[in-house]
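Next come two complexes built around chain A: one with chain B, the other with chain C.
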Partner chain A sequence: MRETKYWIWHLAAGVLILFLLGLHMAIMHLDSLFGAWGLNPSGGEAIAWNNVVARSRMAAMIVVYIALLGAALYHGFYGLRTIVFELGIGPALQKAVTVGLWTAGLCLFVLGAIAAIAAGRL
Partner chain B sequence: MASSTKHYPNRLGIVGWLLGGRWGLERYMYTLHRVTGLGILFYFVLHILVTSTRALGAEWWEGAMVRVGHPIFKIGEFLVFAAFVIHGLNGIRLIAIELGWAVGKAEEPVYPYRSSLHVQRPVLIGVMIVAAVFLALGGWDFLQVTH
Partner chain C sequence: MPETSLSNRTIDVYIRRYNPERDARPRWQRFTLAVARGMTVLDGLHRIREEQDPTVVFRYSCRMSVCGSCAMLINGRPALACNTQIADVASERLTLAPLPNFDIIKDLVPDLAPLFQKHRAVQPYIQRADMEEVEKPTGEFYQSPKELERYLQFAYCIKCGSCMAGCPTLAADPEYPGPMPLAQAYRYSADSRDSGFDERKVQAGASHGVFRCHYAGECSNVCPKGVDPARALQLMKRELVLDYLRLRRKRCPASVLRVPGEARRNPDVPAPPPYTV
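Right after this comes the complex of A and B.
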């Protein structure tokens, strides 16, 4: 039952990623369109420092970054865990893999979330 | 009553993703879904590390962008985009099947029998066509950027 719940979260995270990552990719690659919406106010490339700072200061973008970070880490690491489990490893190794992936995922989430919040004060 | 599940060893392991026999198209999409997923995950971990440098200031950010500005990274970026398109669209197909939306209606087993593949296969081909359109548009955009 618990695994079913994790699986449903995996699917829900996938749908959320599809929207947020689609938005993220559009902002990064369709500069001319999103520049008009104030997401690339300095013009030029989306990765130009002034544009990065402007987006980082937007509260909505901080929320999007952190939501995407959490959803993508959960979706990705749960998928990796499923692949590793399918190789037929024993229960002890399964537990170690689960703990290892949770630790790695939480460390990356904390790093990314702190960076998103700190960049908001640039 | 306690139920028990008998587990069989996964003898082929990762080799079975490609060399397990005469798989159907859906089985190769299963492999492609996993390969693209692993590729995206690898890129995503690096992406978190690289983009976190913005919190350290302009110099760190510019330095990181110079390091990932090499043409090989641009090709990698397109591969990540391609992986996202394939993984995302195929993921929608898998969720639709999981929820019973893309397997056809249940019907009497009258000969000649129809399996859910009669619905699943056209959905898969449709997904691949949409993915091809996105890849062509994305490829055009990347070529514009790199030239």
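Right after this comes the complex of A and C.
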């Protein structure tokens, strides 16, 4: 049943990435529209330093960044695990790969989450 | 073999020969074959064996697409030798090789033992708490036409292994059960007389199970019986997901219907003929 669980989360992460990445792209490229919503408070381009800092301080954007990070890490690492499994490795190695990828993914997630929260204090 | 008319057409038949006990690697051997109208690949192989080389090895039994023994790679595509007419697939050159993704026993004969092992592993039979009723039936299990439709096309599978030969996931991962066993796992789990899903989901939902399917769809493309194993795999995924989310409808397996003897015959339906045996 664990595989079913992993797969469901893989799909859910994919949907979340689609939504959050879409949001990210929209914020980056539709600055005139999102600027009006207070996402580009300094005006001008979305990637201008002042706008980036302002967005990094918004609690909602911190949540978006962390959620996108978690979803992307999970989705990507599950895909990597699938590729490695298809090399025909035995159950012991499968377990080691799963534990290794979970550990690496969690470390990267914690690191990224700290960075996102720290950026809020810029 | 009755022949209606000889077309006088001669083609080259390349057969992949291999005897693992003697040969380092497979080799191609060329034969010339006079093709008659209606001649199947299996007929052609018999003709070659009778007239040119009695050592060519191939497997067959029913000659009518029922037993699944004669599947081989015909011009690079898995198919049954007994229901493939040479005229339909070759005008000048026909290549015959054993099914890929299996070890070769000899020439055109693949070792299907792993296929049957994987098939057995998914418990391809009706399972229920009252197994004595299955062993010694006192009546018939009720099943509506709609319930039958849920699995009927998957029950047409003859275990020929063509889908396994066409599956790229199986080619990369020998642990993967393959389309046929997984489709059969679904076929029995979808049967309203069965309650063995909980046993089968262990195999189907394992790390090398149904979630490794890449949707290549080649299994359904090559199936000589028109079965759609790729669809069965996706339906099995749906069952596993619904089961994990506790949304899968638990159903009691069909109950025994003991009424036929007591039921009144519809006057529009003629009575069956008397038993002859």
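Rule of thumb we're sticking to: the second predicted complex is superposed on the first by the 122 of 122 C-alpha atoms of A that agree within 3 Å, B and C clash if a C-alpha of one lies under 4 Å from a C-alpha of the other, contacts with A are read in each partner's own complex, and residues count from 1 in each chain.
Basically, a residue touches a chain if its C-beta (ideal position, glycine included) is under 8 Å from a C-beta of that chain, and two chains touch if they have at least 3 such contacts.
Predicted model, so just to flag it, every value in this text is computed and none were measured.
Colleague: Please work out whether A:I47 is in contact with chain B alone, chain C alone, both, or neither, and reply first, second, both or neither.
Modeller: A:I47: touches chain B, not chain C.
Colleague: Considering only the touch criterion stated at the top, classify A:H29 as touching first (chain B), second (chain C), both, or neither.
Modeller: Once the two structures are laid over each other on A, A:H29 reaches chain B alone.
Colleague: Which partner does A:L108 contact after superposing on A: first (chain B), second (chain C), both, neither?
Modeller: After superposition on chain A, A:L108 lies in contact with chain B alone.
Colleague: Kindly classify A:S56 by the partners it touches after superposition: chain B alone (first), chain C alone (second), both, or neither?
Modeller: The first partner, chain B, only.
Colleague: Which partner does A:L80 reach: the first (chain B), the second (chain C), both, or neither?
Modeller: In the superposition, A:L80 touches chain B alone.
Colleague: Touching A:K5, do we find chain B (first), chain C (second), both, or neither?
Modeller: second
Colleague: Kindly classify A:A119 by the partners it touches after superposition: chain B alone (first), chain C alone (second), both, or neither?
Modeller: The first partner, chain B, only.
Colleague: Could you figure out whether chain B or chain C reaches more residues of chain A?
Modeller: B
Colleague: Tell me the contact category for A:G88 with respect to chain B and chain C: first, second, both or neither.
Modeller: Touch partners of A:G88: chain B and chain C.
Colleague: Once the complexes are superposed, what residues of chain A are shared between the chain B interface and the chain C interface?
Modeller: 86-88
Colleague: Which stretch or stretches of chain C touch chain A in the complex?
Modeller: So the residues of chain C in touch with chain A come to 169, 172-175, 201, 205-209, 211-212, 237, 240-241, 243-245.
Colleague: Across the complex, what residues on chain B touch chain A?
Modeller: 7, 9-10, 13-14, 34, 37-38, 40-41, 44-45, 48-49, 51-55, 57-58, 61-62, 65, 81, 84, 88, 91-92, 95, 98, 138, 141, 145
Colleague: In their shared complex, at which residues does chain A touch chain B?
Modeller: Those residues of chain A that touch chain B are 11, 14-15, 17-18, 21-22, 25, 29-30, 47, 49, 52-53, 56, 69, 72-73, 76-77, 79-80, 83, 86-88, 108, 111-112, 114-116, 118-119, 122.
Colleague: If we count contacts the way the header does, which residues on chain A are in touch with chain C in the complex?
Modeller: 1-8, 82, 85-88, 94
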